[in-house]
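Take a look at the structures listed below.
Two complexes are shown next, each including subunit A; its partner changes from subunit B in the first to subunit C in the second.
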Partner chain A sequence: MDFFLSITSTGLVMGVIYALMALGLTLIYSILGIVNFAHGEFYMLGGYASYLILSALSGLHPLLVVPLAGLAGAALGLIFEILFLRPIHQDRIDRPDEYAILVTFGLSFFLINLTLAAVGPYPHRPDSFFPGTVNLGITRISGDRLTAGALSLILVGALLLIINKTWIGKALRAVSQDKQAAAVVGIDSLSMNSIAFAAGAGLAAVAGALLAPSFSVTPDVGAQPSIRSYVIIVLGGMGSIKGSIFGGVIIGLVESLAAGYFPDPSRGLKYKTAFGLLIFMLVLLVRPRGLFGRKEE
Partner chain B sequence: MKHKSALNLFLIVLVLSVLVVSCGPAPTPEVIRETVVVEQTVEVEKEVEVTKEVKEEVVVTATPVPMSEMETILIGGFGPLSAPGSYQSGTQMRQATEMAVDEINDAGGVLGKTVELVFGDTEGLPERGTAVTERLITQNNVVGLTGEFHSAVGLTEMEVAHKYGVPTVFAEPWADEVTASGYMEIFRIAPSIEYYSSIATNYMVEVGWESIVFVVEDTDYGHLQAEGWVAQLEEAGVTDVEVIYADPATEDFTPILQRIQQDPPDMLSGVITGIGNSRMVRQACELGLAPTAETAYYASSDAQYDEDFWENVGDCGQYVFFTFVGLPETVWNEKTEAFINNFEERYDHTPGAPAMEAYDATYLLLQAIEDAGTTEPEAVIEALENIRMTGALGELWFEYTSDNPVPEDEPDWKWHQWLTPSVYIIQYTEVDQTLEEAPVVFPEERATGPLYTSP
Partner chain C sequence: MSTKPRLQLNLPALFSKRILQWGAALILLVVALFVPTFVETYRLHVIIIAYFYAILSSSWSLLAGYAGQFSFAHVAFMAIGAYTTGMLGKHFGWPPLVGIVFGVVMAGAVGIAIGALVLRFKPAYLALFTIAFSEILRLLIRGETQLTRGDHGLHLEPLLGADVISRVPYYYIMLAILVGTLLFMHWLVRSRIGLFLRAVREDEQAAAARGVDVVRYKVLAFAITSMIAGLAGAFYGHYVTIISPNMMVLTQMGLVMAMAIIGGVENLIAAALGGILIQVGLEELREFGAWRLVIFGALLMLILRFARNGLLTPLFRLMFGLGPRAELRKDTATVPEESAPVAEGVTADGA
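And now, the complex of A and B:
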């Protein structure tokens, strides 16, 4: 029983962090209608921003750097959206779907190689939020991971509050449901696009900054979180905030339990990601719009 | 709806690709032969003319540029400079190769000509290795090849080099098959996997650990290592050995470590190249699994990059031990010292074993061209077979050659193989210890510290 609880708690903590990362992707998809294939690279940049800021400003507590990394990610996302994605929504691009895939893929390759050239190939790790481990009785968990999980939970709650209770949130939801109707009531969908992309990139960067002390950063560190996020948002239902949260937690738990309980431990670890993908495929077969996806007319 | 359909399609393709790649066998090298059709006219008694197709295999050769027409001597380097390859090691290999070429040019070049290096990024992918080698030989017209980190890539590059007859000095691929191929063109100064594994096995047996769990990367390197250890340990009477394979890009090893923690072994090993090495050290330590008084921790040789190691593992690195290829400070020669100092000064980073091997491999190739007095492949190969050179790794030569074939009772991989590479076990006994400060703990005759220091 203790083993089950310890494995489950590990999966839950990771699941909440996965959810935070996926929420950013959901936000972008539901408002802009595109999949950001450079999402993992915003995660990577968040980790590097955290590391570089802490290296430059010694004495700063690592927790204070997390919002700065998020802001850096959001600023870069905003610039990219205005320069490269806005033309899609101004009908200046002939084949917008293909363009969106290519331009975000292009950004992904560009950011990886730029980082490789600028920072080098060696892994870096920012200072710990709280060094050492916390004994939860059933298991020990590092202070960094516990902090990352707790902050992710707070951020997910804050995001839900913003989406549901503030004017900006309502405006974003309005654009996500019907751009023309939103325009009729005076909501500028182009501004909402920029806000959504910046917020999505910022959330990925925050996730990267939160996990950097646990997993370190390298130029290609965004690949796995990125793939996992795509799986989560489809599993949860494209464009569904609630779906991303549940999807994140489900994937976190499945990965953890599979590695812990699969009869052959080697396959349990090796196919950890594949188990999440199998759950994803099963859900899609039974419920093609995902767990919480809304029906499109 | 259109967006959603496209994304769903993409994700399903992605899922299937991941599953296929996960379940599929490791890529195997392909022997490339080209078939040409020759038309031949044959006269028969009835004075009827027929056309007959005759298929025959031909050996392909690159078109070498005559020495007299060469303005520079072009050599090719290859290694992983981007993901999914181990680009940290590949970058160091390229830097060391460039450094060797610059030093040789500063000293007057080779055969009175400037040496030029063309370095290809193989990305750690066998198919890229084939393409890069083909391009270096046929487009760049290099006269020799050196480098590579990954065995799976080296095995495909080896076939291309053999097809065109281009002398190649491999720096780092460890697979026994590299030199066991028996190809005239192929030489290697990295240890073979059998030899490399045996040092760690002998150490584990010497310390007396009886239950061992290896978490190794799911690559040709990981499999070869694990198979070597399991067989050698079994031979030594250690049978409680478990091997768990992991994707080297794994972020979170915690669930499997929690599973191992249910019955902690005497020794836990995390043989994952790149950042996975540090992640596993930290996570095992944070769980209180290893290194502890009960469970020792054997890390991958990436722990040799001391600055990166300590930055990424913090205090968890104390008492971790690992295998190191190269010379410990106690037995450095002048060339080792000069190489390490110059590398650190030029690139602001400690060189690892792959850098040292790439550096020496480049010197060997260029020394052979100088000795041969020409870039003709046959002459360069003959010069390599007879070479004896002091490098940063020590005295380099190839014992088994055309004049002295591998005896029947010796393994085939000894062909064109440097037989005495230095392989040591080093343990970090203090936090933030440098590679030079950390004691060599095995083999005993070279040890500078106790066999094993327990937490």
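And now, the complex of A and C:
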């Protein structure tokens, strides 16, 4: 029973962080209508940004760097969106669906190799937020991961508030529901696209910065979290914010439980991602709109 | 725009253009045949690997550029071919040639299954599904160490036995596979099947309404290109004699895609040449270290954005005359060059 509670709580904490990252992807999908295949690379850049800023400005508390890493990710996302994605919405690209897939994947290829060239292939780890472990009563969990989970929870809450209560959130929702109607009431969908992409990229970077002290960063570290985010958004329903949060927690739990109870522990750990992927393929085949997705057409 | 004047106007032009194209291809082939006489062993190895990538990039361009299925699982099918023959050899002692045949069959069978599953997916879902498939397979190969030796790498018998040290025979075999698959794909694209595939790519519903068996041709395209990838992988395995799950990471897929797109994704020869030139270029520019791939990544994005036809396709058009389409376009000169692939596909003179 203790074992069960312990892996469940780890799964929950990780699930919230996963949800944060998947929310970024959902935000981009619901506004721009594209899947960002470079999402994991924004996660990776967040981790590197926090490592590099911390080693440049020693003495700064690691937690203070997290927002900076998020801003760096958002800035890069903004530039990319304006240069490469905006033309889609100005009808300057034919076959936009394929273009969006390829150009974001191209960005991921570019960023991985850029990091490899600039920083090198060796893992880096920024300083811990709070060294040591925290006793939660049922289990002990590392201070870093607990901090990351708590901050993610706060950010998810803040994001929900922004989307549901503020003007900009209303505008974003309007664009995601009907671009033309939104344009009629004076919402500039092009700037909403930029905001959504920058915010989504920033969220991925924040997730990367939050997890970097727990799992160190390498140039190819983004592959797993990005694939996990695809799993989550498809499971929750593409474009559904509620779906991303539930999906994130479910995947966090599934990974943690399946890895914990797999007959052969070392193999279980290796297959952690594969369990999520299996759910993913099943959802795609059986119920492509996921748990909370809008019905297509 | 009636079809009649087009035929009258351009039959002779079309004819000489054909001759020019085949002539150029023949010259390339002759040069390729003499490569081992003036290239040292290491360079020859680089070129063999370049041919391997050319097979992958051209078959991916058939799947993506002609059939419109932007699959991310192409290198996974390559790995299926390699691991099938590798495991048959390791556990049952089967000879490489039999293993390669089984590798191709296995890649084709899995290709049919995946092709049938992704049939109705929109592009983004297809991309996600194929990424998931590719990653699950990679994790399985990494995890099942007793079967595959995981990250330690699986050893394969050299195709021609341990006595043959020279790379020259391998060079000719890889060249033969490349030329053979290119000819086969070229024939396929020019046949009715190719026409149907392009029709499905442009408008699936319209094609179905016209009586094209959409399901069959989409799955067929997936299966055929998977088999070609499997063949390339199986032979590659018996050439380099050690394979690991790293051969199918997503950045490898990215490299193959970059080759096809930089060459020209809607032209088989351009995609193959893109593969060869980029692989050789990457080796030649070794002194720049990791920055080479950064440049290719940037190039990939810029080409996607500004030159949908890649770098080689427009070059071909320049070299072999503009052909009937371009003369026609003088009347409708407002259409920019990049938005042409629709017309290119249907007039069947695209290559």
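To be clear about the criterion, the second predicted complex is superposed on the first by the 286 of 297 C-alpha atoms of A that agree within 3 Å, B and C clash if a C-alpha of one lies under 4 Å from a C-alpha of the other, contacts with A are read in each partner's own complex, and residues count from 1 in each chain.
Following the convention adopted for this analysis, a contact is a pair of C-beta atoms (placed from the backbone, for glycine too) under 8 Å apart; a residue touches a chain by one contact, two chains touch by 3 or more.
This structure is a prediction, so every number in the text was calculated from the model and none was measured.
Asks: Quick check on the subunit A-based superposition: subunit B and subunit C, clash or fit?
Replies: clash
Asks: Should A:105 be classified as contacting the first partner (subunit B), the second (subunit C), both, or neither?
Replies: The second partner, subunit C, only.
Asks: Does subunit B (first) or subunit C (second) touch A:91, or do both, or does neither?
Replies: After superposing on A, A:91 lies clear of both subunit B and subunit C.
Asks: Subunit B or subunit C: which reaches more residues on subunit A?
Replies: The partner that reaches more residues of subunit A in the superposed model: B.
Asks: Classify the contacts of A:10 with the two partner chains as first (subunit B alone), second (subunit C alone), both, or neither.
Replies: The answer is first: A:10 touches subunit B but not subunit C.
Asks: Per the contact definition in the header, classify A:133: touching subunit B only (first), subunit C only (second), both, or neither.
Replies: First partner only, subunit B.
Asks: Which partner does A:273 reach: the first (subunit B), the second (subunit C), both, or neither?
Replies: In the superposition, A:273 touches subunit B and subunit C alike.
Asks: Should A:117 be classified as contacting the first partner (subunit B), the second (subunit C), both, or neither?
Replies: Only subunit C is touched by A:117; subunit B is not.
Asks: Could you tell me if A:230 is touching subunit B, subunit C, both of them or neither one (first, second, both, neither)?
Replies: Both partners.
Asks: Going by the overlay, flag which of 149-157, 185-193, 311-319 or 329-337 in subunit C ends up clashing with subunit B.
Replies: 149-157
Asks: Taking the two structures together, which residues of subunit A meet both subunit B and subunit C?
Replies: On subunit A, the residues that contact subunit B in one structure and subunit C in the other are 34-35, 97, 101, 112-113, 116, 220, 223, 227, 230-231, 234, 270-271, 273-274, 277, 280-281, 284, 288.
Asks: Spell out the residues on subunit C that touch subunit A in their complex, using ranges where they run on.
Replies: My answer: residues 64, 68, 70, 72, 117, 121-125, 127-129, 131-133, 135-136, 139-140, 142-143, 249-251, 254-255, 257-258, 261, 289-291, 293-294, 296-298, 300-301, 304-305, 308, 338-339, 341-342.
Asks: Spell out the residues on subunit A that touch subunit B in their complex, using ranges where they run on.
Replies: By the definition above, subunit A touches subunit B via 3, 6-7, 10-11, 14, 29, 33-35, 97, 101, 112-113, 116, 120-125, 128, 131, 133, 139-142, 145, 211, 214-216, 218-221, 223-225, 227, 230-231, 234, 238, 255-260, 265-266, 268-274, 277, 280-281, 284, 288, 296.
Asks: Quick one: which bits of subunit A touch subunit C in the complex? Just the residue numbers, please.
Replies: Subunit A residues touching subunit C: 34-35, 37, 83-84, 87, 93-94, 97-103, 105-114, 116-117, 220, 223, 227, 230-231, 234, 267, 270-271, 273-274, 277-278, 280-281, 284-285, 288.
Asks: Note which residues of subunit B are touching subunit A in the complex, please.
Replies: Answer in residue numbers: 1-4, 6-8, 10-12, 14-15, 18-19, 22, 82-84, 87-88, 90-91, 215, 218, 242-247, 249-256, 258-260, 262, 274-275, 278-279, 282-283, 286-288, 305, 308, 311-312, 314, 349.
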